[in-house]
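Heads up, the thing below is written out as structure tokens.
Labels run A, B and C following the written order; every chain starts at residue 1.
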Amino acid sequence: MIDNGLLVQMLIGALLGLSVYLPLAAGQLSLATPAFYAVGGTLAALLSTRWSALGATADGGFPVPSLLLEMALGGLLAGLLALLVGRLVLRLQGIYLAIATIALVEIVRVAILNLPFTGGAVGIFAIPQPFATAAGYLLPALALLAVAGWLCQRLERMPLGRAMAAIRDDELAARCMGIDTTRVKLSAFVLSAVLAGSTGALAAHFLNTWNARQGSFDASITTLAFVILGGSRTWLGPVVGGLLLTALPELLRPVGDVRLVLFGLVILLGPVLAPQGLITPALLERLGGWGLRSATDRKTEEAQP
Amino acid sequence: MIETLLQTLLNGAASGGVYALVALGYTLVFSVLGVINFAQGALFSVGGYLTFLLMGGRIGVNGALPGWGLPGGLPFWLALLLAAAGSGLVGLLVERVAFAPLRRRNAEPLLALITSLGAGVVLVNLLQLLMGAEGYAFPHGSDALGGLPDALVIAGARIRTIQLLLLLISAAAVLALSLWLERSRGGRALRAVAEDATTAQLLGIHSEAMVRLAFFLSGALAGLGGGLIGVSVSLPGPYFGIGYGLKGLAVLVLGGLGSVPGAIAGGLLMGLAEALVPSEASGWRDALAFAILFVVLLLRPRGLLGRRTVEKV
Amino acid sequence: MSQPLLEVRELSRRFGGLLAVDRVSFAVQPGEIFGLIGPNGAGKTTLFNLISGVTPPSSGAVLWRGEPITGQPPHRLNRLGLARTFQNLRLFEGLSVLENVLVALQRRPRSSAAGGLLNSAGHRRAERQRLQAAWQLLEELGLTALAERQAGTLAYGDRRRLEMARALATGPSLLLLDEPAAGLNPAEKDQLCQLIGGLRQRHQLTVIIIEHHVPLLMRLCDRMAVLDFGVRIALGTPEEVRRDPQVIEAYLGTGGHAS
């Protein structure tokens, strides 16, 4: 049922879930992840098909170091875009920010559709392959997810991560405690964009073709659903949400055309049945013995006089 | 030259009217619950397909019941009215499954974005199961518009009757709704709930009933928009409402969340701005709404006519 | 007189047609406990919001050690050494008591984000220092036993003290306390009085305190100002203020709060 190709897609889903989670951990509902994903993917698709120095071979092969370089560049470009856009949109609050980021996604989508060098509705195809099979993509996808998870885990024990949690609870109080909230929110937004951009670069090679449909409003909401259904209070929530919800439509394939209706029902009923999402801090507390316990707990015991 | 301009302006005003309908639908729900109903775009699709079926359209080969259709075929205006009412009922259903359970639990408002979108996904895919993914065109000619000619000549310009009807009907709907909100008992009750649900409750206004009323009206407005666009352009597939739903969202914010005059002004502005995009750049037209929205949000973070709120410390 | 730590000059704030704060001036000396009293709606909290940068003033100036700081954002003012609590309590309710204090210890000491990500030796040392400082503050405010509790689940008096611990964690020279005794019983009010006096000693604090409970203020404050309808109607030692005829008429005379 779950082949290597689906596994890679699931990992990509988990990565995008984390990208939505990062700003949300600082209280910012940003739906811009698909825009940054599209930017990273488009950059990788263009570079690998147009720039021969990266080493694409005539039979469609591609060196792995070039893939890693593209992932870095995709993240960098998306991060720069986030730095520019974030300064403007992060002044907006709540639903206004959400809608402004939807607008960003639509603008990027229409731009990719209409720019003279991105291949229009068809997009860019025959993107060279660094790996002969889908299994090859598992390693870089897992590595990126490991880096992202480690980043989120570290954040919990750092001033930046604590500031994000404080802003999520009460932005004004955080400002009065000396936290430069603009900077913290921007950091979370840029981290989210870098992650989505790198993921996009990897996904472009994996999918072989890349077009404007990769970053659309639908994707904004599905990636948000990863976080809400998985649980938005810990970083494991979006990972689990991304893995499960990406697999779901494929696993439902045997039921035929009804599967998208069922997928919609899951999104509709999930928040009603589990408002906190699947993975909650309380659940992790119960799993404490397995070493998943929240970081501060352990540290406080060490430092207690 | 003048003729083209007149035509362009009419086209712009006509689609602007439809955007205003969708945005008003969002506004109604937003005013009473403070949340966005993301199923609005799907209800737009539902309205389009209902109108098609009520006018006697038959299901295509990829649908669940190929060749099936409702017996007879209603005149355009009656079909439109019934389809709007039908979409309103579907809107009520959306409220029941996607909003009411969360409200009862006092859940985070953010969750309603997800559940309502889930409801939208279900609706659109049910439409696809029933009708297939293919496009549908409405019958044209004098039959379709109940005996009206297909085009009129006004001041030397040839104007499609349906465009004019689109403008008139959406203007009438918008006007009727604003008057109703302003003057009638029900409308005042709805606004009272929007202002302050607890006080309204004390005054004996049943806010749950008002919430349902808002969802019915909101669904009806979306359905009306879908029917009008369907008759005027065609039904390109079950997903066609989503795009209008998004434009409506842009209009909603442009005008300021919760503002009725803002939704109308924003809709017209957006429709006209799009109509004025030269045809060489038509591919970029879909981004225009969002580019305008982006700029407006940055200059006026609460929309053109939005209310300013001061945070209490 | 030495240079005041904080001075407000002709400070005004208008909300629509209402002048919430009307050309208020006073200066607070280093080490002082300065009281602000006045009936409800007199503009006390608005004045705190103007001083702490939460609301920009319509006119007038705020000076910090003689330098103008009017209109600076709250986080910058906090880094200068100005911390506050909130009348309606604004804790980070989803975080633990300890985390609430740690958030405010962001910059004491500073550590780089890169060091944090790599868990460098410098970062670990900084974290240890922050934790030590946090535990010390919790101890000082009697919150040690509650350290792991979620702030949203605390009892009222504990929340008030956690707000003070959090404000102190930012290392202020000036502490603005907005009705710290509200909702406390007489015994707790007594304890609070002693606590504030002790904190001033140990942290070399200057304190401005808004309070309705006049006897408490009279006992605690070196000097005080009285606001009525946004206007400062009196300024002086508790004894001077008590004898001021305008104050007796506008505030104490009503009897309601004086008991």
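Remarks
Here, contacts are C-beta pairs under 8 Å (C-beta built on N, C-alpha and C of every residue); 3 or more make two chains touch, one makes a residue touch a chain.
Keep in mind that this is a model prediction, so the values were computed, not measured.
Centroid analysis (C-alpha atoms only) places B farthest from subunit C. Here the chain at the heart of the structure, going by C-alpha means, is A.
The centroid of the Cα atoms in subunit B and the matching centroid in subunit C are 51 Å apart. Mean C-alpha position of subunit A lies 41 Å from that of subunit C. For this pair, subunit A with subunit B, the centres built from the Cα atoms lie 31 Å apart. Residue positions of subunit C with contacts to 2 or more other chains are 54, 86, 90.
Across the assembly, subunit B contributes residues 313 that each touch 2 or more other chains. Chain contacts: subunit A has residues 172 touching two or more partner chains.
If you check the complex, the residues on subunit A that touch subunit B are 29, 88-89, 91-93, 95-96, 98-100, 102-104, 106-107, 109-111, 113-114, 172, 217-218, 221, 224-225, 228-229, 257-258, 260-261, 263-272, 275. The touching residues of subunit C, when paired with subunit A in their complex, are 52, 54, 73-75, 78-79, 83-84, 86, 90-96, 98-99, 102-104, 106-107, 111, 113, 116-117, 119, 123, 127-128, 131-132, 135, 147-148, 166-167, 169-170. Against subunit A, the residues of subunit B that register as touching in their complex are 36, 38, 97-98, 101-102, 105, 107-108, 110-111, 113-115, 117-126, 128-129, 242, 246, 249-250, 252-253, 257, 283-284, 286-287, 289-291, 293-294, 297-298, 301-302, 311, 313.
Subunit A makes touch with subunit C in their complex at residues 151, 154-155, 157-160, 162-163, 165-166, 168-170, 172-181, 187, 233, 296-297, 299-300, 303-305.
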